[in-house]
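Order of writing sets the chain letters: A, B, C and D. Residues in each chain are counted from 1.
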């Protein structure tokens, strides 16, 4: 009896599935055919915070573009799938968007691992992908189809190193995490220290989740470093600066985009004061100079975002805004009926498109498209980040 | 009635085998392929937990071991896929043996802790052994499975490959449980003292079942690597092990069908929004953000209220109509 | 021939000596009873003899081979089977399946053969099923064969456990209080069963509280009190032994 | 000079090790107490550590003064622990130990997810108990909060020892942990003791989570990692022995800190896992434990 009921349930389940999936394909055709764009975002799981902001930005922009006539009259249809910060689900989501919805381009994923996992399906379908993940590997392990909008370590690292050098520090200790962002950054730092005129006198790492960095900081203190370069996006950054102050390690701290997080400043409290980090200029739009195109673009986006959702957009929303801006710009040039291949070529031809992250100019070898001109240096003052004069 | 019951497994097998003829939806086939991968792990866990009564919180590590082994064999060494597949199973079996031999001498809760420790250690190793595993960035560019010049690259082909292997595993496991080893496992679970007094080599049985389940997990990992084409450590965490365990627990003890139904249902829930087009995005999101709550809650409720899980409930449903 | 030879066995728990320097023999074809007041150390001695516990001192020889330090299933494979005071049946299996577990005791694990349904596995399976049916008949409980152990009455559970022990094809069985929880008729039947077991050539060592049963069925009796052997001999002699009477009277006054 | 720095460095590592070790000791004590009363391992023990820190943060954000928030969080977590036992463990307490393990595994997931939904995914910080610069000891720095960690751990251990030795409750607990059935015979309500043990274990875990929260921040996900480390500490000492649990915690903390200091910080997390597996496989009764192994 048991086997029978189990089998029946199973058969029903399978039949139901096939039935459901069969019924999805006949959507009514009215007006111009919409341009279908897929997005794979982490709406649940570890990166839920990122995905949610990205989703809001994308939906806001799609509505704006469609309200002002879409792409040559054709509306954009945005289909968002959640990958749950899970690689298998990202693959399935990409397959669904490509195979079932027939999208011409993909935005996402939110995380580096998920972005990389989608690559197989993206390649096979020949659909361009604009990733919102910051890992150097995304465009460093070059694929003609894959673009990325965040400031990658490849530009942030040289910018910060130069700032350290300019401040007169040549002996620097590096403290980075062994997770994705830290490891990635450390590799780029290693490549660039020599050309920046900096000597690394200590190279310390820690595991994500470490709650005690005494050993690393003690050795850094003994290394005679004039400054500490901290490369992590995790909560350990706060632990690091706090214990450094407690241990009497008073050298200046430098960092990257990982410190452009409110949680860092809240977690580190007093100890965060004076921390210097480099990241996009748009963190404080006034950096661009009032009246400039960039300033207008960023503040316009910020205003509309705040009107719609009641809060300021964070950088993740900004990266998603850029992905859609770049895509819309390319579509404008090739028209709503372009094939994925034509669209890819158009994206690669992106030249001087102004977004949140800066001014994007892609080339056959550069699919990140930003330069150090799009970055600025910040310091923490009275619990807030302010541009360094 | 009796004939229907006897025919049911064949019916299921036919429906599963006919999948790609029933739909040309490549996404759905991909999702069902993932269901098959989980099912393969769960066949092993059903034997380990449901029959032999042993808890493992480390099976995701064996999946990972298999995935990396097959990836390294096919990408770094350029070996044929099938060699990597076998290597994956063997490596996972070896890992299972090394873990099982010392820890199965211990009482149940120590085994659970030992597997938890092993799972955590494996997660660390996958990240730190960067030259082999690619570290946190993962291991990409893994080719599709291929056997003798035929490459399984179409979703339907992958679906058939995975489900064929699941089918073989289910068949072998059914035979195993129907005969003496199955009785020995259930005896072990029922009363360890009684099993010892009946001459059952309890340690030997535990080690064998553990190694067998680790092997199946390793094979599932090898298939995962070549189906997805990319492997990274974030997939093989203790969290995933708990998910597997939840599937086995909810599926119930003393049965293969129950855990397989649970694995199918719990895997499909993850793709709810894509599978049921009418469902509102918010509903799907709520379901998905509470997924782990559901796993945790189900484990607690099943253990408290229905220790025999889905299979027990089905059995009870089935016996209502009986005279 | 001496089937079981126990020499100087002691087992301590913390400061308490549960079994204190006990020696005795069980001869082939005997029914020997082990009696004693509560807490005399009977179950501990049983455990030490069957490999479920390890004595601190002493030796246990079964058919000339040393048993101390061996795992319980090795003892079973050598032909020494046992039952428990609290029956240890597999509740989610039928009576017949329970006995089948014992019937397969001497076969190799056979994972491989079973998974592939090799002829050897199927033959062993049939043999085990036949043995189980035979022993259920022999113990007079064949009508319970398809009942799940969890649903069996206490008396039947004891018999199923005895049948399971016999299924391992032992030369000797150790029965731990087989009459506990049985009514008068069942006890009478148990006496018959024990005799039949002996007549089948299986030596029996039985721990029992039911004095009537012990006196009726046993060829020899061993009496333990506070871990020590206080008497050993045929039932008639034991009945008159002043030490034994004192030990039992002591227990009764303790209870009162 | 060189020698002086080396001594200061070593001292610094020892201080850090004893700081983490004290927290492990608190969590390990929780494992030991529950194991004593039930003979089972509570896989949700780490979540109590997390709940302590998180509820403490929540109470301070509501404006509750810090000392009150700490006491409140400990008590709240203790109540949650006891309630967890009543709802989930008691119905199966006499049954298969496998079921107790499963229930605590499931329970740990439920508690973690509940914390995620209630407190959100972000890391939260607790204010240091007393503000001010670190103290100096032979060239090594001791954070003020570290002193609090030690003081509170020591206090907890002393209070626990006094309670166990001197009070009726403590004697009942000890009797229960030695023999449940015998305890019942002398009129001890063994089930109440099990509930109390969960409450006490939860309180100790919460205390650990609270005292380090100002140093490390806390988040909904910190429980499971701490659970494994706390268990490693407990079994290192020998499960079921409170003194050994404290020793195990301190040893584990020192091992970790010295590994990070003199080998490679990346191996730090592996230390607890290697200790856990090594002790389980080679000496399940623990380094300090003399009791018989818990073999089948």
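Operating definition for what follows: a residue touches a chain if its C-beta (ideal position, glycine included) is under 8 Å from a C-beta of that chain, and two chains touch if they have at least 3 such contacts.
This is a predicted model, so every value here is computed, not measured.
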{"item": "Identifier of the chain whose CA centre is least distant from the whole-structure CA centre", "value": "B"}
{"item": "A-D against B-D, pair bridged by the larger set of C-beta contacts", "value": "B-D"}
{"item": "Maximum centroid distance from chain C, chain identifier (CA atoms)", "value": "A"}
{"item": "Gap in Å, rounded to a whole number, between the CA centres of chain D and chain A", "value": "38"}
{"item": "CA centroid of chain B to CA centroid of chain D, Å", "value": "33"}
{"item": "Separation of mean Cα positions, chain D and chain C [Å, integer]", "value": "46"}
{"item": "Centroid distance [mean C-alpha coordinates] between chain C and chain B, Å", "value": "41"}
{"item": "Sequence positions of chain B contacting 2 or more other chains", "value": "124, 128, 202"}
{"item": "For chain C, residues contacting two or more additional chains", "value": "none"}
{"item": "Of all residues in chain A, the ones touching two or more other chains", "value": "48, 178, 207"}
{"item": "Chain-chain contacts as defined at top", "value": "A-B, A-D, B-C, B-D"}
{"item": "Complex contact set, residues of chain B against chain D", "value": "53, 55, 57, 102-103, 105-110, 112-114, 116-118, 120-121, 124, 128, 192, 202, 238, 242, 245-246, 249, 290, 292-293, 295-300, 303-304, 307"}
{"item": "Of chain C, residues touching chain B in the complex", "value": "50, 52, 71-73, 76-77, 81-84, 88-93, 97-98, 100-102, 104-107, 109-111, 114-117, 121-122, 124-125, 128, 149, 161, 164-165, 167-168"}
{"item": "Residue ranges of chain B in contact with chain C within the complex", "value": "172-173, 175-176, 178-184, 186-187, 189-191, 193-205, 208, 212, 253-254"}
{"item": "Contact set on chain A toward chain D in their complex", "value": "46, 48-49, 178, 204-207, 209-216, 218-219, 222, 235, 238-239, 242-243, 246-248, 263, 266-267, 269"}
{"item": "Chain A contact footprint on chain B (complex, rising order)", "value": "1, 4-5, 8-9, 11-12, 15-16, 19, 22-23, 25-28, 30-32, 34, 124, 127-128, 135-138, 140, 153, 155, 224, 228-230, 232, 234-235, 255, 257-258, 260-261, 264-265, 268, 270-271, 273-277, 281, 284-285, 288-289, 291, 311, 314-315, 317-319, 322"}
